[in-house]
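Labels for the chains are A, B, C and D, by order of writing; each one numbers its residues from 1.
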Amino acid sequence: MSKVKVCVVGYGTIGTRLADGAAKQGDMELVGVADVAPTLQVRALHESGMPYPLYLVDMGRKAAFDALGIPVAGSLDDLLEQVDVVLDATPAGVGAKNKELYRKHGVKAIFQGGEKDEVADVFFHGYANYEKGLGQRFLKLTSCNTTGLIRAVDAVDRLVGVEKIAITIIRRVADPGDTHRGLVDLLKVDKVPSHQAVDLMHIMPHVKATGLLVHTPVTHGHIINVVATPKKSVSVEAVLETFRAHPRMRVVRIEDGFDSNTAFFKYARELGNKRGDMYEIGVWEECVAKSGEDVMFAINIPQEAVTIPETVDGVRACMEMQRDRLEAVGLTNRYLGLVPRP
Amino acid sequence: MSKVKVCVVGYGTIGTRLADGAAKQGDMELVGVADVAPTLQVRALHESGMPYPLYLVDMGRKAAFDALGIPVAGSLDDLLEQVDVVLDATPAGVGAKNKELYRKHGVKAIFQGGEKDEVADVFFHGYANYEKGLGQRFLKLTSCNTTGLIRAVDAVDRLVGVEKIAITIIRRVADPGDTHRGLVDLLKVDKVPSHQAVDLMHIMPHVKATGLLVHTPVTHGHIINVVATPKKSVSVEAVLETFRAHPRMRVVRIEDGFDSNTAFFKYARELGNKRGDMYEIGVWEECVAKSGEDVMFAINIPQEAVTIPETVDGVRACMEMQRDRLEAVGLTNRYLGLVPRP
Amino acid sequence: MSKVKVCVVGYGTIGTRLADGAAKQGDMELVGVADVAPTLQVRALHESGMPYPLYLVDMGRKAAFDALGIPVAGSLDDLLEQVDVVLDATPAGVGAKNKELYRKHGVKAIFQGGEKDEVADVFFHGYANYEKGLGQRFLKLTSCNTTGLIRAVDAVDRLVGVEKIAITIIRRVADPGDTHRGLVDLLKVDKVPSHQAVDLMHIMPHVKATGLLVHTPVTHGHIINVVATPKKSVSVEAVLETFRAHPRMRVVRIEDGFDSNTAFFKYARELGNKRGDMYEIGVWEECVAKSGEDVMFAINIPQEAVTIPETVDGVRACMEMQRDRLEAVGLTNRYLGLVPRP
Amino acid sequence: MSKVKVCVVGYGTIGTRLADGAAKQGDMELVGVADVAPTLQVRALHESGMPYPLYLVDMGRKAAFDALGIPVAGSLDDLLEQVDVVLDATPAGVGAKNKELYRKHGVKAIFQGGEKDEVADVFFHGYANYEKGLGQRFLKLTSCNTTGLIRAVDAVDRLVGVEKIAITIIRRVADPGDTHRGLVDLLKVDKVPSHQAVDLMHIMPHVKATGLLVHTPVTHGHIINVVATPKKSVSVEAVLETFRAHPRMRVVRIEDGFDSNTAFFKYARELGNKRGDMYEIGVWEECVAKSGEDVMFAINIPQEAVTIPETVDGVRACMEMQRDRLEAVGLTNRYLGLVPRP
């Protein structure tokens, strides 16, 4: 079977990781990546020996690349001619503009969470609603927080059913190296409900959700504390077992040294993961508890990498590479090296 | 009626504020404050013209004060001879050692939350269990987070009854100017349940509580998101009305500019409050919501000043100045300028 | 002698402090303040009982103030009719637009550092070039960093002459409560030379200056480390004596507890200064040293309040209230309570 | 020629990187690493498949490793029997205690900057005083800031001679993931001169140095601004050429996106460097300038990895693997992939 051909448009924080994630899939071929300027990421691609061919969104700016000796494989149009699916990781709003181009070239596209819902035919999450993405033309992924949150809530929902959740999102406000946004010495609050709660209800309409979003001056991962009301009584241990069996979750213990969001980043750096990335969301064993019959648990969302697996799932869905949800996510997991860690 | 004579031992972050709070009470007399070294606070007291006489815990260190021209009114023993009640605001653990001295001088004492519960006859909160403090010799206040949390939960509890709460505490990790503690670019998590949930159950034994504590690198106030299960159905508006009527709570709106914990500090600085302090806990109107029949609300805890009113209440209780709870807290409020802001 | 009538346009971080600073001057009358919206500062003015009458820049927005019960004294035009000098503290760029209005009303104006130099007839610093402001119509103050830097460099220059300086500015990136700007976990660098070095050469053209500006994620004061080449050899002690004798400088010691920029803020809060403000720049005694014949010293710039005294000096200059530099700054200092602290 | 056998004692932030750095040297063999507890780093070593054998400092704690299935190759004594040189990266003060053990086993040792100078026969820097380390038994490396600083100052010194330097160190106060130290919203100052200036004079006694150290709440690299007085006039371009030709320095431009300390980290993550590490110090092209005849330049110190090359140089020196300085550092550079980037 020939490989599905994909490309990445927008080679930034998400785009670089999508490229690596797609390149690892044995049944996909990453044809190339496209961007507009010789950013730090493009310079690093060059210094790394151009593992992926680079295409330009705007050939009028080719001189800037030539001056630096960065080889250009062609234009975005050239790239789109060669692929089946585009992974669009451009800044919020640009994807919507690119959509016409994708339509013109007859390629499918998967947009990230920054785009408006209307850009896509279906609002997608690999684990929660894989079937809805089958054969669709334009998918939109959930945002990083929502992607991680749904992983955990979907797991409990498939175990005992979830009636409602009330969440507190402690959000990192910038990525490492961002100089265009930030907060100093304050916790910024947003109006309730946060969009993550609303988005979860879009993907999982049978669950009621509300939540508070608090922005904090950190960069290495969001933390979400979830108070979930299950449909049937469930023990802490049963929830933990479910989480441990999930290839995209990693249950750790504070007493082992995982005492912060940054601990996951530190650990992933030690593992030698590229960029210190982790695809899995984290769960602290000591932070799963009962509140009456409700279950409370805290998860860690590695905002830079968490949406990569579900985006790859999206390729499988829209191209109908696998029709079965578990078969699809299982293949994504295998190629990304994601295994349960009981 | 003669005034009740109080003093403050430990003139640090809490002690300075207790001194000011007690001095404002028309029916109390602040006899003096005691400390061990010419700290920044003591130097500022001096530069301000010694509004409160200063006593030394260790007269052997008097030379250091003499060298700076800071007048010393006497020893801690001299001070204790003149008072009815000590407000102990020494570092955690020192209060327990001081207790013998207080006993020797036959004075009552109110300890802060850093001491162990065993130091006191009763674990006290002015609004929630005033009656338990009546006539007692040694009281211990709840910690800053717990004090603020109980204010809000007690208010809802007296309205419709509270069955259980699940809380997420987003804790500021240092006070402004602290150089001996801090975190950088991380969110530290503690094991569930946090001590604040446990302490609340101690004061309000009819409520079940659990909670997660997350330490964040900020200095201007904790935020607690509370998911409360009421005994009777209650509307968001009824909860808000109760909060607005509470003299120690301040309901604000994000859209008016109160969009962070630090906004309260900024506002109190503008009001001309000494040190930019605020005694009230904050509530964001847009962050009170229902989750099924549960009520979710977020409160802001000004950690430096929040325990002052309840500590003053403690003087009223242990000295039996008022036997009625509402009469007592009402007087404290009046002298501190705390009024409902509907 | 009748008092000089001043008003403040733009009641934000600087404007609120200019109002208080002008109101303290025995020979000036603060007629009122003007703003555009019911900001936190305006709400606090209201809760404080309207110590200053409030005028509206845009009477079309009066309904918003009426709805809150905030009394409006009139329009900006009404205000300008009553004053001699405007202290313009509007956001950068707005002052330049307001200038025509000021010209129309025949009032003088003093702009803050955010405006472009062209807005003013003279780029002004009370201590360094008071004489240049005499009788001028439009003055522009130096920025907060430059104002504080020039205070110190001017003092050394008047002592022994300064040939050149090389500075490192460690800049706080936001004010407390700012949610519209910030950095997280990074030190941002700007191209050399920083504008503060260039601006200093504008005010003190006989001194050569260069410098590096590094933005840091803090809010309570900039630190500048200055390496100054004097024209004559000078001892550390002589420099310190000069600084101690300066009413707008405060020499402190790390070993006394002043171990950070925030320590000054903490101390000013204890003094009961409104908002915890300090007009003086700080100098750490243990951070003045020789490097060969160069003198190295570190100063602390309280960014929110530091320009207030020099702006008040500007009123004296442009209105020719005093023709002598030292007489003028001396009066400003006396009314602000600024005295040498040897 | 047989390889020199080395081991690492203390598998923490520095130890993990020393292990990787030594393992890359074609003429050295990393026999193993030793630690005391199943830390995050040891767990990651295990999850990575034990690329390096693990030895235990305290065999009494072996059960904890067995319980986790982490293979233990033997005791620290077993390890020391097999090696020529120990790279000691234990917490400050522990190295001094270990020294007796190293002496007992007749092995040489290289200590890190946290140890006191007395622990070693020579205070060592690969580029600045390689010859002093030849054949010595116990070396101590300079600290991370001093190591990077000396690289740059030594380069200018060898070009035109350096008479004196005055430095401003803007120090990151914690490493990513540290929960035991930190500052929040403040810039802490230390007494002048900082130890880095003093240490530089120890290694380069012909240069006079002083400096200010300011601690800042960030984690991704120190920045040092250097004002150097050269013995001969030198142009900015000549200094830049020297820096560009240095294999352990990386000259970048702010306008290319390297606008902060964290930008280097971000770039190294993109390069796929393990842990996002960079051995080189950074120099911002736009931050090299003249101040009269002085040269001012700002450098970035990647604190986690910067001492690795010089420590490896130390192995070469103490084992007399190369007698020539440039030959030695050149080999270290080659094995670490460090090349000039003009």
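Things to note:
In the analysis below, contacts are C-beta pairs under 8 Å (C-beta built on N, C-alpha and C of every residue); 3 or more make two chains touch, one makes a residue touch a chain.
Being a predicted model, the structure only gives us computed values, none of them experimental.
Seen from the Cα centre of chain A, the chain whose own Cα centre is farthest off is C. By count of C-beta pairs in contact, A-D exceeds the other of the chain pairs A-C and A-D.
Work out the mean CA point of chain A and of chain C, and you get 47 Å between them. Once the centre of each chain is set as its mean CA position, chain C and chain D turn out to be 43 Å apart. Rounded to a whole number, the gap between the C-alpha centres of chain A and chain D is 36 angstrom.
Contact of a single residue of chain C with at least two other chains is seen at positions 172, 176-177, 179, 183-186, 188, 217-220, 259-260, 262-263. Listing the residues of chain B that touch chain D in their complex gives 172-174, 176-179, 181-186, 188, 217-219.
Only residues 16, 38-41, 43-45, 47-48, 176-177, 179, 184-185, 220, 256-260, 262-263, 265-267, 269-272, 274-276 of chain D touch chain A when the two sit together in their complex.
Residues of chain C that touch chain D in their complex: 163-166, 168, 170, 172, 183, 185-193, 208, 210, 212, 214, 216-221, 223, 225, 227, 229, 254, 259-263, 284, 286-292, 294, 296, 298.
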